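First chain A sits with chain B, and in the next complex the same chain sits with chain C.
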Partner chain A sequence: MTSLPTAVTSSPNASAAVRVPPGLLRNVLTVAHRELRDAIRSRWFWLYTLSFAILGLAVSFVSAAGTGGTGLSGFGRTTAGLINLVLLVVPLMALTSGAASIASDRERGMLAYVLAQPVSRLEVVLGKYLGLAGALLACLSLGLGTCALILAWKGLRTSPASILWLTGLSLLLALAMLSLGMLISVLARRASVAVGTAIFVWLALVFLTDLALMAGALALRLRIETLFGLSLVNPLQVFKMWSLHAVDATLDVLGPAGLYAMDTFGDRVAILFAAALVAWIILPLGAAMALFARRSPV
Partner chain B sequence: MSYMIHIEHVTKRFGRAAAVDDATLDLGAGESLALWGANGAGKTTLIRCVLGLLGFRGTIRVGGHDVRRDGKAARLLIGYVPQELGFYDDLTVCEAVAFFSRLKGLPHTDTDRTLATVGLLGHERKRIRELSGGMKQRLALAIALLGDPPVLVLDEVTASLDAVGREEFVNLLAGLSGTGRTLLFASHRIEEVAALSGRVAVLEAGRITRVVPCADFVAETDRGTVLHLFLAPSVRDQAMQSLRVGGFSPHLNGVGILVPVTPERKAAPFRLLAEARIPVDDFEIVSATHARRVAHVPHSASSSPGGNAVPHLAATEVSS
Partner chain C sequence: MMPNAVHPASAFAAVLVVATAFAGQADHAAPAPVSGGRSTLPLGPIGMRIAAASPGDTLEIDPGIYREHLRIDKPLTIVARGDVVIDGGGSGDIVEIVAPDVTLRGFVIRNTGIDLDKENAAVRVLAPRVALENNRLEDILFGIDLREAPDCRIVGNRIGGKDLDVARRGDGLRLWRSDRTLVERNTIHDGRDAILWYSSNVVVRGNHGFDCRYGLHLMFSDHITILDNEFAGNSVGIYLMYTTGVELVGNTLVGNRGPSGYGIGLKETDQFSIRDNLIAGNRSGVYIDGSPFTAAKPGEFTRNTFAYNDVGCTFLPSARGNEFTENNFVDNIDQVAVAGRGALDANRFWKGERGNFWSDYTGYDLNNDGVGDFVHESQTLFENLMDKRPALRLFLFSPAQQAVEFVGRAIPAVRPEAKFTDEVPLMRPVALPAAVVERKPAREAIALSGIALVGVGGLLIAAARTSRRTS
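Right, the complex of A and B next:
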């Protein structure tokens, strides 16, 4: 049974008036730690991780079966299969978790409560971003790591460098999509709207922009450099091109646009990809921070 | 003169409507002030401005810190209890205390002492979702008291509690007045205002119309009591008739009957209904002011020649 005191008798501490509020780093880490633990305890984290590992294994075995199951060319196909899987799953995972983060906290009244403490809005957004980024990294590492281990155990030769590249690039893609998700979350009033918008954006990035690019190329007879330039606008395309380049050192499989990129930029094309993905991380996150500083948390 | 809370010409608009309109208010150290007003009067908006949660025109300083320019330092001095604790449900009580302790920059927290202060010792391993409404509010108070802040800001903290929880929580808070803390709270319950405040700022449509000593405010506004009787729908008409015959002016509302009574006649309606063999399922006593507020009856309608304090209550439910 609860023992209820009849009155609170403590008095304010004089030192409270002269205490210094905690610094940016401490608050960011506090919020990030909280967010990471919350994400790891949630069902979505384990669901995504498990789905990712199972789908990764399925894709790998199917790809490897087509080449007799061994050899680096086999793994080239396996990696291509994994790249396509990452293209579908990781953006969805990052966009929806980012979109839900701030909007659902606002809806539950949690955001206002946290912001009523000695913490700034910048610290809250950064902390949430870092925490979710940590959860996504854990999810990707577990998913791809499990996949690589089982492939190795089954005797399929895998290149650790390829897996590491794929994990690193997947994380960059996840960070870009997380930034976009958080921007959506700051803009939306309700969590359901935020998540719905995130799913629409995912659909647009995965399917619609590809279709639009193909249609545009045919209808408008776009020049090859314009086509390549436009494909850099979609972070998913950037990830795909960079991954293929990292694993294969060429972009031949992309056809004329890939050949144009390699002819024009050579290996420096990787810098172009990196700049595009980093811009996709920084710009939406910066916009989210700027908007969050102005918008009401209630 | 330096004030613990200084509010100067604060205006907050939502679109074209002013939720707070040119509010000016000062609270000295250790002073306790209630924000009184109907729903939508601007109490919560003003509190959110003090916490720096909303943008506004004007100036608000807490302990000398401008809440917009130096918000973290200002909020370090404030312990805040919201109407309802909205927080990560899966956290344990202990984890919640630790999280907020870190946010407040406290090097270490004596969790047991903190929880004992609000009567939550023994519940530290419970998850927040397992706590009752009253326990959640006590946890929010424990969190607010972390670091012994010199200012407490409470926003209708008992609104979501039942009658027992309300009484317990008000008792808990009563100890805070007189301990040197500055207390700013919003309420529409006269008993809370009477128990906790030294002065009352009355808000109407976003404007502070007057600031009066609590004793004067209570004497002036709480002139009567209304019994809220909960009866089965099948007996309500019969009960209305019995009460009218007994000299009362009852009014039906959504879930029962409101009966304005003078202090010396509080038991009479029960006697009348018992004689008529009409069972009363439950009842609560609400202040006339509260009943007027809910029923939107003008203050001037509160006196009646029959001695019943509130003769013109509309058929509106009084929230408990």
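Right, the complex of A and C next:
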């Protein structure tokens, strides 16, 4: 990485708009690298990493204590607790860091400075996205990796495959939430508004939509296929179902809706989940790029 | 012995009525009539030796593949010397034993017909005191089919069914009116059921059943001992129906997740004792329907471990008179459920000073006597909603579920009634059989995945720090 091309300093007169893809890639990487470095220098990154590792360990130890040393392992509270933790922390982390990125640059006047350089707006958004994605990946893998190491050291039982799956799927969830966060960031005028909106969106995705669906299932007696279809709209639910499917190879633990999904789609249900998450990654990011390219950014 | 039971004669009459009713059903029909006429076929090499032998002889069969159907009509001991394959060529039954005191040992018997109406079987036994030992039955519709063949020994056989849809499979093992039979150390897979019909005083010990419909199925069979078996990955592990007097001890019932998916199902079963079993990862660990059937003896559940089942124990509202003591309830998503309305008042979850171990018990033990200082009450709002609307299971493991549970704890108005109480919950789990504890995923693998993850994070941080040319 020491030989990372630095388009900004090496070719100050080139116009970003007419650059060919290699140049685009270089510019994107430059922005991404800067963003990653800034993120890793920042306090929020280490705060999230540390809290993620500590919470993960707490969840694992508490659930191991719950089994009372029976020596049994299985898809029990450990994985369930970690999924729960990821569902709470990762979207918050990704949404807020995405929301803060462009909006705070704009507020500090950084954005005007960056855009004065020979980089296109698309490159800035994409680069910032990649850089933050890298920071999130570092955060997740450090947090869950430390957790796995300490579990192994203490001899607690967790399946290694499930930890790796959980990390990978958490990253996908983080990418989707980051994408949504960047969209908020592009739309918002001020950083505080962007972060506030992100927190509200987080609240809606984590609690409100699920509670509304639950109420719907109870009051309107929604049909199973409707319930399952609606749950596919929420990326958090998709992440949860995919994690269960990856770790457990089946969804029948989720009762009638899970059985319906397995009966209808079989193992192809994973493709459905992948498609839903990828859509959540691409669509908000695409919208953010389109809006950013059109709007007056500063 | 059965003070409150119905009169034996009337019970028998009732059984006959039920049996005739069942006979009309294709699935659980009484045995099909034995298709005779096999004697008209030309005899193969083993058949000729049987014809030539005198009662009581021992025949040793040389290795080879024998394509023939056998009818053993005199008391003989027939032993395979090496790899002896009897191939049915994909038609009819293969071995039919019509004389008592026959021993068949060490054969590979394979390739029956697939006629479910004629119940094509690898070995059909129609006489008492037959021993089937260490045979391997492959690619068969029915495996071992005992009809009115009491006092038999079925030991050390391996029975593998055909690769058919479950509805078109036959029973790996079937006992029909075959009392006092010993079923020991057999492996049965890819069959329909291993089933006991009207067979009493049978001992089923050390068997292993997987990928079947019912690992073991008791119908109207009394005084059965089921010891140290393992039934894993079947639709249902053990299903007891209309049975009186069952000792079910030391069995392992894991991952039975068919549409019913019970580790142990009890339907109108009476005077049973279920002890020291490991019941894990099933859709429902135990499913109790109308059992115990009479008040002669409480249904006894002692020192079992219910772990990681979707539901630890499901009660139909009709279930009353069960006693649970010293069981471990470990991390079942729903520890105890009532299917339908009603409480579990007629069942007890503690006796004297001993309750059960509940992994979700939140109390503590100040005086250090191993018993929690507070009553264990099961009353979570989400569980309660889930029992009513199973579709809500979709929201398991989500923060929203916990929000609901928090509301249930915080606001007394919506707090559900306690499903059951355990006055003396145990603080420590009751010891498990050693075989269970040994299973753990390799520590190295977890450590390696941890190192790999930390490595990825470290690389990214290093990448961010190295180049500073942009600034």
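In the analysis below, the second predicted complex is superposed on the first by the 268 of 298 C-alpha atoms of A that agree within 3 Å, B and C clash if a C-alpha of one lies under 4 Å from a C-alpha of the other, contacts with A are read in each partner's own complex, and residues count from 1 in each chain.
As a working rule, contacts are C-beta pairs under 8 Å (C-beta built on N, C-alpha and C of every residue); 3 or more make two chains touch, one makes a residue touch a chain.
Not measured: the values here are computed from a predicted model.
By the touch criterion defined above, A:G255 reaches chain C but does not reach chain B.
Shared-chain residue A:S51: touches no atom of chain B or chain C. When both complexes are overlaid on chain A, the residue A:I163 reaches chain C alone and has no touch with chain B. Once the two complexes are laid over each other on the shared chain, residue contacts for A:R34 go to chain B and to chain C alike. When the two structures are aligned on the shared chain, A:T226 is found in touch with neither chain B nor chain C.
Of the two partner chains placed around the shared chain by superposition, neither chain B nor chain C is touched by A:S192.
Counting the residues of chain A that each partner touches, chain B and chain C differ, and the larger count belongs to C. Applying the stated contact rule after C-alpha superposition, one finds that A:S120 touches chain B and leaves chain C untouched. In the superposition on the C-alpha atoms of chain A, the part of chain A touched by chain B in one complex and by chain C in the other spans residues 2-4, 6, 8-9, 30, 34. In the complex of the two chains, the chain A residues touching chain B come out as 2-13, 16-17, 19-22, 26-27, 30-31, 34, 38, 41, 108-110, 112-120, 294, 296-298.
Considering their complex, residues 257, 280-281, 283, 305, 307-308, 310, 328, 330-331, 333, 357, 359-360, 385-386, 389-400, 402-404, 428-429, 432, 436-437, 439-458, 460-471 of chain C touch chain A.
Chain A meets chain C in the complex at residues 1-4, 6, 8-9, 30, 33-34, 36-37, 39-40, 49, 63, 66-77, 80, 83-84, 87-88, 134-135, 137-142, 144-153, 155, 157-160, 163-164, 167, 206-207, 210-211, 213-214, 217-218, 222, 224, 227-228, 231, 236-237, 240, 244, 250, 252-258. Those residues of chain B whose C-beta lies close enough to touch chain A in the complex are 48, 51-55, 63, 71-73, 75-78, 80, 82, 84-88, 90, 99-100, 102-105, 116-123, 135, 141, 145, 147-150, 168, 171-176, 179-181.
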